[in-house]
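First subunit A sits with subunit B, and in the next complex the same chain sits with subunit C.
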Partner chain A sequence: MHSTIVRGQNVFGFFTTVCFVVAALIAASDLLAPRTPKATVAVKDLQVVRGRPHYYSTKKEEYAIIRFSLSADLSSLFSWNTKQVFVYVSASWPNSTLGDAGKGEMVNEAVIWDTIITNPSADHLQNIGPAAMKKLVRSTKGKTIDPSRGKLELKNQKAKYQITSPDGKLAETDNMVLKLHYNVQPWVGVLTWTPQIEFGSWKKVKGGISKAFKLPAIKAKKVVEKKSA
Partner chain B sequence: MADQLLDQVREAAEGQIDFKGQELAELLATILLAAVGVISFVVGFINQDIKLALYLGLGGTALTLALIVPPWPFLNRHPVRWLPVGGVEKKSQGIMMDGQVIA
Partner chain C sequence: MLSALQNPRQAAAQLLNFGLILSTAFMMWKGLSVISDSPSPIVVVLSGSMEPAFQRGDLLFLWNRNLMEETKVGEIVVYNVKGKDIPIVHRLVRKFGLGEEAKLLTKGDNNLADDTELYARGQDYIERKDIIGSVIAYIPFVGYVTILLSEHPWLKTVMLGLMGLVVVMQRE
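Coming up: the complex of A and B.
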């Protein structure tokens, strides 16, 4: 510590140690915050149509268009260390082609809808226009965390993504269910997904799975032929 | 003249402090930084505000750097007293008379 440079090095060196320890404490503080999400998912409307994966494709696939209702309370996922929560709804169904060898059924799963919920501390990271950003920031003025953003009420929500299966066949698929998943992205620490086991004060999602349903047959083509010369 | 000026500049840049000052600087830096870490975590946790924790940590560290790095006078209060060259005062030429240094 005899000269300016040595003092600067020493202070900065210990600063990095303090940083690391504080970051570890912040990450560990997440374990103290109970996570008790609950949700109900219900299918509202189902449709199967035929379409092309892209404009120049000669292959036609079957796409499921799903409407659903979601009522979720994820407010317990928002603590001071939460940057954002990624919420997504998937459709899953048993895979008849891979379920052999007596190893139980394989499951196909595809995401049909998702959203990002930011904590107020991460609002500036949202990729939205200036007007929407202003509104978002003003909605939680003065608050550092806003658990009420974790409450979702979707009624007859249209899916963002139309899904198909690897073999392109989806009509009349039975035993399909919708599931709610989430992914908590902290400021410091590890990403955590929907837990499959109870872990301390982190509980599994209460509900969050719809009743099994069966997709309808392909929608008949409308017989409205335009007269083109 | 130029040499003297250069020496002064070098001294200011090096910012040497005395031994007692070094001990004090080491102790202060450790205590202050640790305290800043604890305070930023606790205050951030209580207010549930991670940005507050970040800014407290960075601000406290900046203050610590400002307090420790420059050679402040309080780190130089015990300068080392060197013995005179050859065991006698520099001005003296060591001429003795009757057992006493006279010049």
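Coming up: the complex of A and C.
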């Protein structure tokens, strides 16, 4: 029974076992790295305008245009098993139509801004132009982990996505808040999101929620046109 | 195969062994399915729309139960669209409402626009029931074999041939 095939099978079997054990150890090592992110989010400017979802649509919807500032330190999320950190800011608000039943509960949530921060080990996977890639690779000088990328400083940042609601009404919505979230994508192992509870050395985000605010009424049409012109 | 005819007892044992391997794999798959409450608890990434997080061939483990909280914005979900047989892995970016009737919108990290164009005609949002699971764990590249096999069908013939060869050779 000691034929070449059996030996080949044994070697392959042992190889895969070793691979999986090493992968499991790497994945488990995530738990040892403390996570202590902190952030402050603040609303800078609010506008509600009427517009169409796309060029050929006849439907008019109300869009919230939000400007915000974000100061975040997510550097503790970067370890040797971090492939990328997906950072996103969402706006959430309670339902107006539910009345008292859904009061206080943030039943609507929409991402208004996001960014992908790769660990230098994953830079080559980014979908960016050659010039930007060169700059990105050069910025870390051959390091494989660069926690300093986790420091974000945005001032008066315009939202990437203009949000609306399914019924097209959004003006004068009250109790809206902005929240910072993250999603850590590992090289191998478990994906993790902003924790709801503290887990070992993984702490909750310190801050990361803006004060509640109310969206203004729709801007007069003339003003909107002047702005876009 | 000739030796199998000479020794039917050994042939039967081998057949049983093969059946056992197949049924074990099937049971494990279905067991995972029951635990995660997902019809397909492990999926292989087929497109680059979630790059740089997921590349083609990466293996994803899904979880489809809402034990502590609802499926929420930011989660990476695998969903089916009516009339399309290939499930899509994208991130949830908007959620309006609660529970089963919540309107959900998805977007690929590597795509500029959201998925409204990918949905069925006249469909603007997906619902919780369209989702077959949220991604909870990740192993890179292991699933690439399945992509190779589906893109180059002749590889299947080669693999079957090799396996047959192994069976015949093992009789020596």
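Operating definition for what follows: the second predicted complex is superposed on the first by the 208 of 229 C-alpha atoms of A that agree within 3 Å, B and C clash if a C-alpha of one lies under 4 Å from a C-alpha of the other, contacts with A are read in each partner's own complex, and residues count from 1 in each chain.
Please note the rule applied: a contact is a pair of C-beta atoms (placed from the backbone, for glycine too) under 8 Å apart; a residue touches a chain by one contact, two chains touch by 3 or more.
Remember, it's a predicted structure, so these values are computed and weren't measured experimentally.
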Which superposed partner A:N81 touches (first subunit B, second subunit C, both, neither): first
First, second, both or neither for A:Q196, with subunit B first and subunit C second: second
Partner chain in contact with A:S210 - subunit B first, subunit C second, else both or neither: neither
Which superposed partner A:F15 touches (first subunit B, second subunit C, both, neither): first
Which superposed partner A:S3 touches (first subunit B, second subunit C, both, neither): both
Greater subunit A contact set [subunit C / subunit B]: C
Contacts of A:Q185 with subunit B and subunit C, given as first, second, both or neither: second
Partner chain in contact with A:I145 - subunit B first, subunit C second, else both or neither: first
Subunit B and subunit C footprints on subunit A, overlapping residues: 3, 187
Residue numbers on subunit B that touch subunit A, as the complex places them: 13-17, 21-23, 25-26, 29-30, 33-34, 36-37, 40-41, 44-45, 47-53, 57, 61, 64-65, 68-71
Residues of subunit A that touch subunit C when the two form their complex: 3, 5-6, 23, 83-84, 86, 88, 90, 95, 102, 105, 107-111, 114, 116, 118, 122, 125-127, 161, 163, 165-166, 181, 183, 185-191, 193-194, 196
Contact set on subunit C toward subunit A in their complex: 51-53, 55, 68-69, 72-76, 91, 93-98, 102-103, 109-110, 124-125, 135-140, 166, 169-170, 172
Subunit B-touching residues of subunit A, taken from the complex the two chains share: 1-4, 7-8, 10-12, 14-15, 18-19, 21-22, 25-26, 29, 79-81, 121, 144-145, 187
